[in-house]
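This is the structure I have questions about; it appears just below.
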Amino acid sequence: EDLRIGTQFKLMTLDPHYADLGENNSLLSHIYERLVTQDAQMNPVPRLATSWKRLSETQWEFKLREGVKFHDGSPFTAQDVIYSIERIRDFLKPPSGGYQSYTQAIKSVSAPDPLTVVIETTSDIPTLPLLMTPIFIMPHKADGFATTEDLNAGARPVGTGPYKFKSWQSGETLNLEWNDAYWGGTPAWTNVTFRVIESPAARVAALATGDVDVADSIPARDVEGLEQRGVKVESAAAARSNFLQFDIGGEKPPGLTDKAGGEIKNPFQDKRVRQALTLATDRAFIADRILLGYGTAASQLFPTGLAGTSANLKVTPPDYEKAKALLAEAGYPDGFKVVLAGPAGRYPGDGESLQAIAQNWARIGVSAQPEVAPFSVFATKRSNGDYPVWYGGCSGEAVTFCLGALLGSSDNEAGTGSLNYGKYRNPAFDEMLAKAMAMDEGPDRNAAIAEATEFVMADYPMIPLYHFHLIVGHGEKVGSYAVHPRGWTTAMQAVPSGK
Amino acid sequence: MMTTIVGRLSQAFLLLLVMSVIGFAGIHSVGNPVFNIVNIETATAEDIRNATIALGLDQPLWWQYFLFMGNVVTGNFGTSYIYHLPAFSLVMSKLPATFELASTAMLIAAPCGTLLGLLAGRRQGGLLDRIVLNASVFALSIPSFWLSMMLILLGALAMGWFPSSGRGETVSLLGREWSFLTFDGLSHLALPALALAIPKIALIARLARAGTIEVESQDFIRFCRAKGLSARRVLFRHTLPNISIPIVTIVGMQFGGMLAFAVVVETIFAWPGVGKLLIDSIQLLDRPVVMATLAFVAVAFVGLNALVDLTYAALDPRVRLSA
Amino acid sequence: MKAETLRTLWRYPWQHRFSLSLVLLAAYILLALAAPFIAPQNPYDPLQIQAWEASSPPGTVSGVGYAYLLGTDGLGRDIVSTILYGLRLSLLVAVTSTAIAAFIGLTLGVSAAYFGKWADALIMRIVDLQLSLPTILVALIAIVTLGPGVDRIILAIVIVQWATYARLARGVALSEIGKPYLDAARLLRLPTHRILFRHLLPNSIAPAITLIPIELGHAVALEATLSFLGLGVPIDKPSLGSTVANGFQYLLTGQYWISLFPGLALFGLIASINFVGEDLRRRLDPRRRSHGA
Amino acid sequence: MAHDNTRDPLLMVSNLTLKHRTPAGATTILHDVSISLQRGEVLGLIGESGAGKSTLGNAILGLLAADFERTAGTILFDGKTLDGMDEHQWAEIRGRRISAIFQDHTASLDPLMAVGPQVEEAILANNDKTLRKEARAMALDLLVRVGIPDVRERYDNYPHQFSGGQRQRIVIAIALAGAPDIIIADEPTSALDATVQKQILALLRELVDETGVSIILVTHDMGVVSDITDRVVVMRHGKVVESGVTASVLDAPQRTYTRSLLAAVPRLRLSDSPAEHVAETDTPPILAARGVAKTFSSGFAWFRRKAHKSALRNVSVVLERGAITGIVGESGSGKSTIGRIIAGLETANSGNLDIDGRRFDISRPGRRSGLLGEVQMIFQDPAISLNPRMPIGETLRESVRFGSRQSGDPRQDVVNMMDRLQLAHSLLGRYPHQLSGGQKQRICIARALLAGPRIIVADEPTSALDVSVQAEIVALLKENVAERAISMLFISHDLALVQALCSSIYIFKDGEVEDAGPSEFIFSRSQNPYTRSLIDARPKRFTH
């Protein structure tokens, strides 16, 4: 049977290693497969690799699946893994971006036998399997690495995935047909058509009229109407969070004054101020009213329950009295004026949240001026340090990434602090996190991460706001659809209703 | 005549040059494209730096411009930061969709609008006039995203006559994919074309109506009546040419506008056109694509407006053209 | 303006059919001016907003006393108040920008036609340039380089809109240029501005006048679009246009009031401006009385 | 011609009263007007400018503006009323039963349609069985009959490419196209020189005799009235003052108004009695145009082949200081063209122009050569030379303010001028289209005079004026010339008027000066055959 999917993700390139964007990953995962993927709890699970084990501090061995064939009939071997990793590490030049960070630490890849790969890293990387989850395996070519241009120029992309490439139109459509020789059994759908429909309203309409069988990123407000029309809707909290970040490093950040407009010292350097603002932020309101319940109020960076999260962190209801008292204690009894910046319409509920927060903060005397800008303007200004407080988002293959990027001190070696625009520094936390990350996969490691999280959140370095839910709707043809917290939209997640 | 053409061409060339400076400096002033190229949520600082260097964005602006223009001279607008496709061919690949949508909309709007305007203006205050006036106010006051949604609600959701979005089946002609050649494609074309056409109908009808009222009161129209011409002939052979200069002007401009800026409709109907590409590229600061699109749009407008100017001279023998 | 014109304008509503649209427009302006005094809530003041009363349907009585006649939006702002306050901004932005754009456009358009040659070429190429520059880019550049602000939005809209008037007026003026009444004006060696503004312009702007109320509507929509992208008025001080644009998402949901009422208000505003514009056009046309069949 | 007045008239207007409504109130334009027209009869309609003659014509054709209201009266055509007809029925009447020649001939032609097709479509509209091909042949024929030169070449020219008189004849051709029963001819020959006028009148007469068409001929030219009409109706102030058989009205007018009207008719003196004369002086002429040549190129330069039309060939005109020099000649001979060149509104291909000792380069546009504004002009087509969107009052005040740049009270000057021109002050608030033909023409005269120029080119300034107003204007012009030292080029086809005003005269023919000399020489002694034919073509009655 044929499946038509309306997606907000526009496929921009056929090079699976070009840009690490959900857009590309989602659609290309039909054609290409990874050695390892993640389950709904974000734990690594086997795919093209059947098992892996750590040979030493810096050596990992992956056993490859037998009998896997590429769409062109050639067998899948260790050579292909080596080729793919080396292509990312050595061949692709920026701006093709994002993937290098996964291969950076890989010193060499070797193949003791055709179905075994040994990866040697420069340092001790306990989460190497996780680092393999974004990497698509391409068939190796004898005559050097394939260029992005070649791949885009219509040479059929060939992978091991359950669906074969038929045709595409950059940013418009992607047509796939099933790979009946798929190692994991015959795929459920004969033909799959992806149609890029970026406007949410149009996606909803297309789903409602039956123009498509599945549509992703359904706005929460449309769920009710869709259900009335007999469309089924599934959702899951995304492995990500949206939050407010403070400029903590700057002495006198722009956009921050006292009530009369006079200059003041950066109040966010005082933990009590940060705590007060956290206390004054009504996260439940945002989750319930702005996201209409399709959001979970956040107390940490990934939804509670996912690997590495803490069960002890709770979202407390706002306490304006206490917040006021804390502010006064910190020397701001009258509050202050601050610009509350954010991107316009990049995340569900971004602009509205800023306004709701401004309303909240007004009650403790902090007058916040929400200021939204197109994302590119926002991002540039944020990295220039033009904002005192801003709204941001983080996602990744594991919560450790976000912890390190957002709250870790800026450190290129460790790869932390890349999103720490506010220059928050907490050496104790840095150390705890580093320690936890050096541990092997497993409950201990997760507990250590949770502990580090609890520790750092007690310093109120940021205000986690919410984890929005990914909402997918589907018509009658589809019996069920498993929403993945990473936000991928694939035909593999859709189960035909007959089965 | 030769000098006129040469004059026009050199003016167009200058215009493109100015355009390129504005586009280049404009994009630069807005922000750093790198943040849109790498996944800002997962990229490291080094990723960002590498990408910046790789794109040459660390160079001084004038040098970047110089390099860019050097490439443009050889017909190369560069590679899209986002799509990693040659920018110019990316724009060209959107052209058929845009062109058929804009043309269909204009082919509906221009005759309908003119006809309605003529008939309404001929009997100012009459029933048809009042209907046209009120309906046009309605059509012009309603935001285009509302109108598009209404059309989807009505034509697709409630009635199920037309598909709600997309281009439908296409056929290859002259090496490009066209929808207007298949029935399925046409039915996909219907709603977006209507969404574009309705405000244009109203606009043109208003212009035509105002012109008709003005022209119909003139002596030569009275004389046409005295000559015994039928009402229809007066309307179409005398009134129409005399109101056509503003209409031609607007049709030209609106057509250009639809080619380049029909963003809302293209977005809501998921119609893969130039307008959407341009807006996206601007928002993503995909400079090569923005520049290539701007060049296309400028050429389109210069061409259309030159055509409109020629039409003036063909319509009105009193109009003299300067270069 | 000439006394005759003023008199006809003044006399019009009372002498002819009572002009509903004029009254409506006047009411809009009054409401906009009086917004701070009559609105039950100041929707721009976060302290007056009861967030927990967000998305209340019309008629809900607020915890602090007044009734939300038209309900509240997703953030708890009273729709009535939002409309009233938004009206002020929308009117300000739309009217100012349209007036400036029309003035500049018409002047440049007829000048181009009148002076011809290189002046025409120059002005018309600028028009071409302007027409091919996307609004968003113009707005982005204006707002990024000059900073946000209502005047910047007005500027952006003016930059976007003047070209249409210019081209339209030029086209008509071109065919007007050769007429003897202009020869007569030239013979009198009238100052150029007088020839342009008193002779050429009035005879070339009939189509453009039709355009003005339409462009006014566009200006409102444009401002809303810019706001939607974060390039317009601050999001917590929504204009009428941006209220509608934001509420648009709720159109298909049960919370129809968030978008519907502001939409109706906006529609009424644009419609009344259009009708008043139409009346004006008729008033100002000396030959307005059509010859009978 | 004898008429059987007992037969039912073809057209009968009885007790027609028309009001014009404005927000300020209603004015009566026609008051209790009754006329009747027999088959094959030519009815002259004469009277004061603004009397309501054109309005009456429009009323008959049902072409009045919507703000006119008929408060009383009936119009019967062929025994049936024309009231309450829809447009379809009117189309059956207009053109093929009753056709019209409008007074404002230029404004009557569609500026965007070539003239040939405009005639053609009238033929097609009114002759059901005619084919396109035949229509074209018929149109060509009609245009030849009304005396358009080079018809074949000019068939596809646009109205603005013709001279005033040619346009008028095109309008006449259109009116004849439907072979109607009645032609309402509103000043059909006002822009025509005597020979062409004679030709046109002969054509009309021929039609009357051959086809039995009836004509209502509105005119102020008493010569025409006496030559061609069977009966006349005299109108004034919207009322019929007098009516009767032409000869008896002209010979024995009953009413004072008619008498004064007839008395005011300028007569051409062919005797030697010298006209008053400006003394020949040795002062250099104020204006001298020498060797002027002008070629018009027509056709759309980009698409079509250019056609060249030579309008002036080596023309020289000299204007003495403080004198009125007449230019008379064939319609289409280049009179307006030389006037426009002198005023700086048109470029010449060659030739030069001296004004007051200063030389101007007339091959360049007036704006550049500085010529523009040195000379004021009274345009031939008053209907289109007034700004349609400017009230009359402002037009005139503007002229005072910017023309002479005197520091006086423009308002007072304007009011005085209105009085001199016998125009009601109430006209000041009106727009051009609300005036009668003669009123517009007088406004144009006023505009030129109020500008206080040194030189005026007057292009047929009195063609739409009745003789009594004309007499007043002549006096006014003379006065201005004398008092304010204005020099004037007076383009006219009215020989009597030219004789009364001008000290010297140029006779134009076919783009060249055919004859020239002092006034009395031209009228009395010139042996030039064309000059003689012009003079001879004058209707005899008012020639002495």
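As written, the chains take the letters A, B, C and D, and residue 1 is the first residue of each chain.
FYI, a contact is a pair of C-beta atoms (placed from the backbone, for glycine too) under 8 Å apart; a residue touches a chain by one contact, two chains touch by 3 or more.
Not measured: the values here are computed from a predicted model.
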A-C or A-B - the one linked by more C-beta pairs in contact: A-B
Whole-Å gap between the CA centroids of chain A and chain B: 37
Centroid spacing, where centroids are CA-atom means, of chain A and chain C in whole angstrom: 43
Centroid distance [mean C-alpha coordinates] between chain D and chain C, Å: 48
Touching two or more other chains - residue numbers and ranges from chain A: 201, 374, 377
Contacts with 2+ other chains: residues of chain C: 140, 144, 178, 229, 252, 287, 289-291, 293
Junction residues of chain D, two or more chains touched: 63, 65, 87, 90, 160, 433
Every chain pair in contact, whichever chains are involved: A-B, A-C, B-C, B-D, C-D
Residue ranges of chain A touching chain B (in the complex, touch as defined): 6, 12-13, 15, 18-22, 93-98, 100-101, 148-149, 152, 169-172, 195-199, 201-202, 205-206, 208-209, 211, 240, 374-377, 379-381, 383, 393-396, 401, 405, 410, 412, 415, 417-419
Chain A residues within the chain C interface of the complex: 200-201, 204, 219, 221-222, 224-225, 282, 285, 289-290, 343-345, 351-352, 354-356, 358-363, 367-374, 377-378
Residues of chain B that touch chain D when the two form their complex: 1, 217-220, 222-231, 233, 237-238, 241-242, 310, 313-318, 321
Footprint of chain B on chain C - complex, ascending: 116-117, 120-121, 124-125, 127-129, 131-137, 140-141, 144-145, 164, 167-168, 171-172, 174-175, 177-178, 206-207, 209-211, 214, 217, 221, 224, 229, 244-245, 248, 251-252, 263, 266-267, 270-271, 274-275, 278, 281-282, 285, 287-291, 293
Residues of chain C that touch chain D when the two form their complex: 2, 4, 8, 11, 15, 178-181, 183-191, 194, 198-199, 202-203, 286-287, 289-293
